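The same subunit A turns up in both complexes below, where it pairs with subunit B and then with subunit C.
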Partner chain A sequence: MKTPTLPPTTTLLRDARTWLLQGRLPITTAIALLLATLFANLVVADNFLTAFNIRSIFANVIPLAAVAVGQTVIVLGRGIDLSIGVIATLSSVVTVSVVEPWGLPAALLAGLATGAACGLVNGLLVAIVRLQPIVATFATSFVWAGLALYVLPPGTAAAPRMPDVIVLGYRDTLLGIPNAAWLLLLIGLSWLVLKRTRLLRHVYAVGGDEQAAFATGVRVARVQVLTYVIGGAYAAIGSFAMLANSGSADALAGGGLTLASIAALVIGGTRLSGGAGGAGGTIIGVLVLQLLTSLLVALRPPTDVRQLIDGLLVILALALAGLWSGRRRGR
Partner chain B sequence: MRSFRQRTTRWLGLGLALALVLAACGNGEEADTADPDPDTDTTEEADPDEDEDETEDAAPDAGPFTIGVSNGFTASEWRTQMIANLEEAVAEYQDQGLIDELIIENDDVDEAGQIEQIRNLVNAGVDAIIINPNSPDALNAAFDEAAAEGVLIYAVDQAVTSESVTNVVIDQGQWAQISAEWLADQVGEGAEIVMVNGIAGHPANEARVGGAMSVFEDANIEVLANTNADWSQAEGQSVMQELLSQYGDQIDGVWAQDGVAEGVLRALIDADRLDLVTTGEARAGYLRLWEENDVDTIGVINPPGVAVTALRVALMELQGEQIDESQLTDGNTLLLPLPDSFTNATLDEALERAEGEPDGYSLDVMLSEDEVAQFFQ
Partner chain C sequence: MNLATLRDRAQLAEPRDLLRNPVVLSLLVLLALFAAGNLVAPGFASYGSFVNTLRIAAFLGVIAAGQTIVILGGGEGIDLSVGKIATFSTVVVAQVSQGEDERLLVAIAAAFAYCGLIGLANGIGVAYLRIPPLVMTLGMVGVVTGIIRVYSGGQPEGRAPAVLSQVVNGTALGGVRGSVWIWLVVAVCTIWLLRRTTFGRRVYALGANREAAFLSGINVQRNLVLLYVASSLYAALGGIMLLGFAGAASINLADQYQLISIAAVVIGGTTLAGGIGGYLGTAVGAVVLQTMRNLLIVLDIPAAGRQVVNGVILIVLLSLYGRQRRLRQ
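Now for the complex of A and B:
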């Protein structure tokens, strides 16, 4: 694979090879995984292509998609946020708690501000106080969870709810396409816009080589703090989808999104050590995870072993996605 | 750098386009698959295929039907018994050819997770869903969605507010009042007590706490602490230990829900505080502990068999029978008769019914087909 000189072969083949070796192997693998899981679903689940199922898949996928895009930005800058799922929880309980008195737009802004503020705290702890990202964000996850319980204690008799228009709209379709699918498109587009900013170029630089980035004048700490703020904001967007999906918030929900977001970005080809990858692959990774889940549901193993099989499938997907990066680094 | 970005952008675009195409083509089938009204589903005449395993085209009036079960909390023996009851009853109906498959979604989930359970069941093509709901109203949108696909939905154990659902439940508020009134009589006016409940936010828990509190208010009894023990005996025991150390000198009694009462009683026995009056549950372990320690208490039945009763209601509706509107409370709730409860006078009978059963076994009641038929026109 590292033969320096190529035998003269057709330019087409050589181009393809160079193209793949320039870092496209991970994303190609992710797309192959997506097609494979899609195909498996089409074969196994005879109800796969029903409108109901397609709508369900997109409705289920949005919270994780938003959170995972946020996590990707953080990981690209050589960080990681183990509190990101709980940030979504906190943001959702804040939003739903104020939606009645303040109205919807203000409530969404409050949720967004909550997410960004949590991200800011994480960012400061990591970039300024210089705590290890894993330790710092694991610790703050308990703070966010505690705050969520404080804002909306579970079992409040008349728990606040989102307006019907949000809940029903989330399941509706526009131009024959589920609204949740449009939302996924928007999340993807937001990444494309973000990616063109100077900030994201700096994020890639910091993630690739912190020292070099610093030497070329990138304000490393500022960039890292901002990745956490952006991550928190995306978590808030994910929380809006959680609210739209169930109509109400649960101060105990959302924690599972954290690890799923990391799995999704790894499947999508983002390097955990930062600097390489992107949220486009992450969205594909999220779809792979969701399709694995629906495959599992269609196969109908007893529910008590489902979690086990689910875990094994995710490990398999991670292993396949990691094949190339592992080989390159192991050289 | 620029071309790298362009190419990745193209891949991303491709992925999203694929997703949208998929979404659109799935949606195109909506007109064929969605059937808003199950009762008018008479498409079987157009179908030449008469294989038994061809469930989706089976005649709606004769079965065989596919039944889905959604349970969002597994860490209690009560739920295990509920599922086992259902499996047993379904096996009988399978022999009769009335049910072809039972699909069970059974996991510890939050509300979003239970919404996913409901969607999975609809997607698996069930004719009816029997659900023990984690929330009285947070699942409503998912219920409407399922009903629009022609699925009949029955909430058991705990009632929900959605009009797309028929609740088949005992009145949990009244159920709680039985033991609350008994306790109020024992401790007398002006007494102080503590409460050990299930899971805050679960509909049954809220109804029970509400029912019991109204009794205590009327009897002028002060509730010093309202705690939750997750319907777990182990948790009930440790919560009671904490309550004893904090309020032990003040209180006259404990109101404990079923599912935690055995743990509470154990804590009282360990601390040698049987002078405190406690309420209990008609479960094998509690009854035996009650007899061994010669306690004066009350055991109320909360029957896991309610799910089988709901299954029988579902099968009758699937076969085209109509529920008698006058039997419904609040428009969508079938209230089942409250089972008898036990005190020292009737303890022997209860022990007999619990004989040979594991500690977690609840004395059970499920309505027969004939009894269920009385709810119908």
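Now for the complex of A and C:
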């Protein structure tokens, strides 16, 4: 979409902005935000660099990081998944329900299969039935939420728990580095591997120009379905982190991850209309969101104002990232 | 004459094309839902039940009117903050009026003013700062949540003034409640606004082809801002009506309308790409969604099953008209 020329008063401003951002990578804003929030945390919070604090920051960041990477793959292919947080919920209740009878590996596999299957349904609805992604995945989110309630009704007396190995291991360290940080590294590496595949090249092609991709022989529908399957699988990985972090599952948790994942990928410089960006930026975006939260905890503002400051900071981060993607989309 | 009007007439002129008209299609779905409900629970399709459905659908209908306008304006336009803005409006009216009738008008004015400012911020973000609408309005949800918290201290005080409750819940002509009459007025005004005013034509022009709209002398950015202000004003009105119905405000009273308002728009045949559609379809879409909800209550299945059925029916409804064109086929 082309945007009309701006009135002359703003031309100067635009030129200045163009000059400032010329030739930079889309994740420049994200990295700048990361450094800024990191610095602010170092200044404000005396206990920021303690081992405990760093461990818990990484532990809290993994569920959103995994879900947001999945969302990024979907958005790159010109889709969006408003049910991805609920997929994580469904996958977590499935995993925790079967971990006792089936053992851990089988349970994790079941959770992964659940996430991928949900993604498959979303993908088929979007790519084959050709429903508009926003409303189609909003509709399926009811289905997943209902299934989650069915699998693990809330308020069950003896709610199943994850084995202690997982729960304790999640907060442990290896070679002086928190296990959760290793996990984040793994998620990042999995993206780097994924990015080198032909599938992902096709995803970028579809996101950039659906018609052109179709014309050059990319099987657009198949590619789009697969992005949702991958997204669902990442959501399942996020759900394992949720389980490891809290020990048990809640059929009503996880819904908030959806919108946070979109915020994270936008901060990370991925274009919402698809075809540009990547999960590296998204992971930085997730860290920015988490650091903003911990900054707020450290600042200890009056409880009433806290949510407002949080909202304003997030919208500021989104606006800074949005200015970038807006410039790229225009002209 | 307006393009949309021309198209409507052209479609209505050809009887065999009638089924392609989203409004007709939604009405047929509505009839089917009532028929199905009547099989399960005799009396579901009675006049009283229908009027009662309208009474509740009115809130969604009013809030979705603003959503329709934003979506029609195109450019990936969408307003995810309508639910939270409506909630804020209930909180403002309840707190400013403190339940007293004589302060109702001041309270309503305050709600419109505050919510209008939020819409203005949305519009400026989208039009001038070029933040994608989905992101801007999503971020605004967080900000408005914070504003509600600050404004109410987490525990909204006050309640709906008696007059407001009477107007919204009172029965007028033919057993029809006040909220339905308000909705009828809003619907007529909205359809008039979209089809007969310069603003309405500009909305369609922006949605159909923004470049062409600019070249024909429309101030694109200013009109974009107006779309979001309009959307938040509709949300404020929906919130005021909802307060009259519920009696007291809470910090999440209208949050559920965030996404369901988009579903109403799409079921009503307005495309998310913008430029095509209208409010009549959205209004029918709102009634369809409310009827579906009632049907699920009548069916009396446990919460888990109800959610699943809700989602499945929503998918079926969307696939009737919310489908995009296939690639080159």
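Methods note: the second predicted complex is superposed on the first by the 302 of 331 C-alpha atoms of A that agree within 3 Å, B and C clash if a C-alpha of one lies under 4 Å from a C-alpha of the other, contacts with A are read in each partner's own complex, and residues count from 1 in each chain.
The rule we apply is simple: contacts are C-beta pairs under 8 Å (C-beta built on N, C-alpha and C of every residue); 3 or more make two chains touch, one makes a residue touch a chain.
Because the structure is predicted, anything quoted here is derived from the model rather than measured.
Novice: Give one word, clash or fit, describing how subunit B and subunit C relate on subunit A after superposing.
Specialist: Taken together on subunit A, subunit C would fit alongside subunit B, as the superposition shows.
Novice: Contacts for A:138 in the overlay, against subunit B (first) and subunit C (second): which applies, first, second, both or neither?
Specialist: It touches subunit C, and subunit B stays clear.
Novice: Quick one: classify A:52 as touching subunit B (first), subunit C (second), both or neither.
Specialist: Touch status of A:52: first partner only.
Novice: Touching A:266 in the superposition: subunit B (first), subunit C (second), both, neither?
Specialist: second
Novice: With both complexes overlaid on chain A, does A:304 touch subunit B (first), subunit C (second), both or neither?
Specialist: A:304 contacts both subunit B and subunit C.
Novice: Determine, under the contact definition given at the top, whether A:209 touches first (subunit B), second (subunit C), both, or neither.
Specialist: The answer is neither, since A:209 touches no partner chain.
Novice: With the two complexes superposed on chain A, say which partner A:278 touches: subunit B (first), subunit C (second), both, or neither.
Specialist: A:278: touches subunit B, not subunit C.
Novice: Report the closest approach of subunit B and subunit C over their C-alpha atoms in the superposed model, as a whole number of Å.
Specialist: Between subunit B and subunit C, the minimum C-alpha distance equals 8 Å.
Novice: Overlap the subunit B and subunit C contact sets on subunit A and report the shared residues.
Specialist: In subunit A, residues 153, 303-304, 306-307 are touched by subunit B and also by subunit C.
Novice: Sort out for me which residues of subunit C touch subunit A in the complex.
Specialist: 75-76, 78, 125, 129-132, 134-136, 138-147, 149-150, 153-154, 210-211, 214-215, 220, 259, 262-263, 266, 271-272, 303-312, 314-315, 318-319, 322-328
Novice: Write out the stretch or stretches of subunit B touching subunit A in their complex.
Specialist: 4-5, 7-9, 11-12, 14-16, 19-20, 22-30, 33-34, 103-107, 110-112, 115-116, 119-120, 122-125, 135, 137-141, 145, 149, 199-202, 205-206, 210, 228
Novice: Would you pull the subunit A residues touching subunit C in the complex into a rising list?
Specialist: 1-5, 82, 125, 129-132, 134-136, 138-147, 149-150, 153, 210-211, 214-215, 220-221, 259, 262-263, 266, 272-273, 303-312, 314-315, 318-319, 322-323, 325-327, 329-330
Novice: Which part of subunit A faces subunit B closely enough to touch in the complex?
Specialist: Interface residues on subunit A, with respect to subunit B: 19, 22-24, 27, 31, 34, 38, 45, 47, 49-56, 58-60, 63, 153-157, 159, 161, 167-168, 171, 173, 176-178, 181, 184-185, 188, 191-192, 195, 242, 245-248, 250, 252-253, 278, 280, 283-284, 287, 297-298, 300, 302-304, 306-307.
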